[in-house]
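Order as written gives the chain letters A, B, C and D; numbering starts at 1 within each chain.
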């Protein structure tokens, strides 16, 4: 058998639009073959620069919305925070240019079969993939509360349309320019009583804090992590983090393939950046 | 499907491949993930991630940094260990029609010997690549490939283990004063071919934290940045030993780049970092190289190998 | 003019410089052409093109090729010879307010000795850079910097010639298995500091002509492509000999790049290939580095040198 | 004395226009400080690619027109033949983008004090710098004949305005799609009888052939050469070629500083790509 196995698709995707939203750029891409199969939590890996760029590695972006049908066929939307040279290059692209995209990548948020009371927590652009997740949860008759945090108002991603997907939305900013002043986790320090499951996407510090809160409350926290990725498709082993498996063994798992969604209780947050003692295959 | 009459086959020792494009060890995992982008049997062979005797966690993160036209990596040979590899990964590759070159790595001469004994008995292996760019724990952590004696000892042990059952390809490091002398040493020790180049030792310092960016401090530099070093190393070694097959690699991004390494003396080309940029790179480069060979009037790939050495007519 | 209170001075042996930004030998000719872009006295010093005993035609063309994030050169030390240099080029630099580090290159130990005797007696020289990355005609063309014994012999001879009259900076090649051992050798032989790194040996093959692109076949690889190798080499050598001043170079294009080399252990930074891209690079990088040091809270440049070696607090 | 000496200027030059002319792109750049001092034969060196490009080296272009005054201040014009990645990048730039330009560089065509009968010979885009030279020669009451050659019609650069600067213009193309079929040198194989000086710009083969013809006829041939240049400003010594000096000594001269205009009789055409025996400082 010598055939291409099924999996992610690589395509030259036309940019339908690129709108500035606060500190971010909201890009819509024609992505037939990707849009149809994407699930909330998946991401795409996009190459940056022209044919003579010195930047070789793709940049990853969570899929915000994926629409199977429409005037452009399937489309996906991503929220780009211009940061270094790669993301800034993408943010500067204009409609009708094409981006080389691979997707959908990674695993997806797990959706319970029965209705639940879910808390969705997003930090910065991390809230983006939570909106389609909210939609899906509501279709399953779940109750969806969302908390969004950021350093300041322009970094809060909570579009008007998105508010329709959730039952409640609270906002915190560190500088107090929108919502409560403080961290997003301050909003529910002891409020996990009426929550069955937490979904989180944002900076590692936030994910760790939520995992601690969740563990204390006996609530599952599904975390979308963001590790530095060279390939995004499972080839290079750069994107690993220590995660305890069902047998209790800590393994260095690839966040691009086995993640980016992990059970917060299984991730060895304090061991990130180390090989925790006892890790499978650790040096003796 | 190509309609040209080009003979695109290539030979590494006793192993014959339908075309000279391979993956590079560590840049294609063990094939499964890459098979979503093209049928693995369409390229010459998959070179698997260097595997060790025991499962390995690899190094702490960060394990990589992007550099100008390249990248730095310090994975630390994370992998399942040879037994799991032979039980799961190799059969998967065979089943999916991929010719396979198994890359092994050890921390001692004995580990290399043990690994090669196990690989020898596994069905479906085309060749054995011996990654000697690892630290020798028995010799102050000195990299085997940086020392003639250590390099020789590993290859001799591997040769004793596999005999003539499998072609042995020794993978060399460019971080040496004289790569030709290392090449000659491993060939006389029993290697049937050479793979070159492995990554260059490099470092990136994060100017925010003001510390080395990689957890391991140093890492291996790969990508187009190092291509001129690869071309030079291949040229020098092919000049010294024109009959020894070389698997060339280092920064190949296009068919033209592959052609450059072939002209320098490579009988096969491994595609490494380029696959991260474009997972279809191996199959694209295969096609681009085929077109280039045709356009230059070659009817046999092997005629182009080392062509740059011929005196100007 | 800077308004910060940063102490930007740096010292190489007994020579003091108002700031640590230098040109790289061979990338600024002998100053005249560059002075159209900024006053030469505004940077730490001009490092002149390596000069030999006699006038040199250099090598045939093509002498260069562009490579990914770098370039290859094989100039072959074209130059006026030491006597013309001391009569014409050096006085011009002195007259135009440039501190000058004279780079010398020889094909034999005796040539290095003769050159340094002449430079010792010339007025207006801040330091002597000894480019030992040249082939030793008396030892099968082996590059001095690639052999501990040859490297030692050159530096000992230079030291005998100049005594303590001038700081001696030995310029090292990265094309060695163990750069630390070469560094230790030349320091014990009398060098006051080290310059690193020289170019990496590379080759480009022109896929149209299917021959090596450079007339000389091989050339030296420079530019951002090699920066990770430079950072690693500087880090290793500073780790082994933290008191030895290092002139760092290799792919510095911005103040941030310069800062990276400083954190690794460089007490001064030479700007090479970047000057071809942007002739104002030395003066721009000086300013960018100054701003970075200020923003990181350094009040003395020397406190930043080797900062990446301090253990994480 | 610690001052900037006078010399070329480095500037971010706005593109005023970029028009396609046959196979070429005709760019007009706002270049105050450069335009005012440029003389026919000078060139500019332009950096290519964005801030993260892998192409480090500048590309050189002969100055076609330099206008000191006008609505945009001083402007220069260049004729770009898209060839490899660098020139193609420049050819794709649009109005209002900026290019980093250094100029004017190199020496200029020498203009005799007295009126002469001049023949100007251009190959491909090499004819461009000959038009302002023609203007200058005519101002000195010289008679100006021009011959332009190229592989095919679209590579003939001979704009209508240019024709006004010369007394006669003949064209040759190798494929015969414009003017006579053949090489530009075929046009006057034995026609240098009424010529006092030849000015030439084009491929090395053409320059060499003209130098031979000129030497045979005892006529000076000023050749604008095109050697591969890493810096364009005299720093790197990559752009050298063997030229015999007044004392009869062959030296490897930098074409970016001592050139690009050389006396065709002094250039050792057959020695290009070698160090001719007897060259100053040649290996023994």
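Remarks
Basically, a contact is a pair of C-beta atoms (placed from the backbone, for glycine too) under 8 Å apart; a residue touches a chain by one contact, two chains touch by 3 or more.
Note that the structure is a prediction, hence the values are computed from the model and not measured.
Taking each chain's centre as the mean of its C-alpha atoms, the one that lies farthest from the centre of chain D is A.
Each chain gets a centre from the mean of its Cα atoms; for chain B and chain D, those two points are 47 Å apart. Taking each chain's centre as the mean of its C-alpha atoms, chain A lies 35 Å from chain B. Here the CA centre of chain B is 34 Å from the CA centre of chain C. Contacts with at least two other chains are made by residues 54-55 of chain D. Shared interface positions of chain B, defined as residues touching 2 or more other chains, are 68-70, 223-224.
Arrangement of the chains shown, judged by which pairs touch: all-to-all, with no pair of chains left without contact. Those residues of chain C whose C-beta lies close enough to touch chain D in the complex are 26-29, 32-42, 49, 54-64, 66, 68-71, 73, 75, 78-79, 81, 95-98, 215, 223-224, 273-280.
Chain contact summary for the complex, chain D toward chain B: residues 54. Interface residues of chain D facing chain A in the complex, by the touch rule stated above, are 49-55, 85, 89.
Contact residues on chain B toward chain C in their complex (touch as defined above): 67-70, 72, 146-147, 175-178, 200-205, 207, 210-212, 217-219, 221, 223-229, 231-232, 235, 251, 256, 259-260, 263-264, 292, 296, 307-308, 312. Across the interface of their complex, chain C is touched by residues 1-8, 10, 47, 54-58, 100, 102, 227-228, 230-231, 233-241, 251-252, 257, 272-275, 279-283 of chain D.
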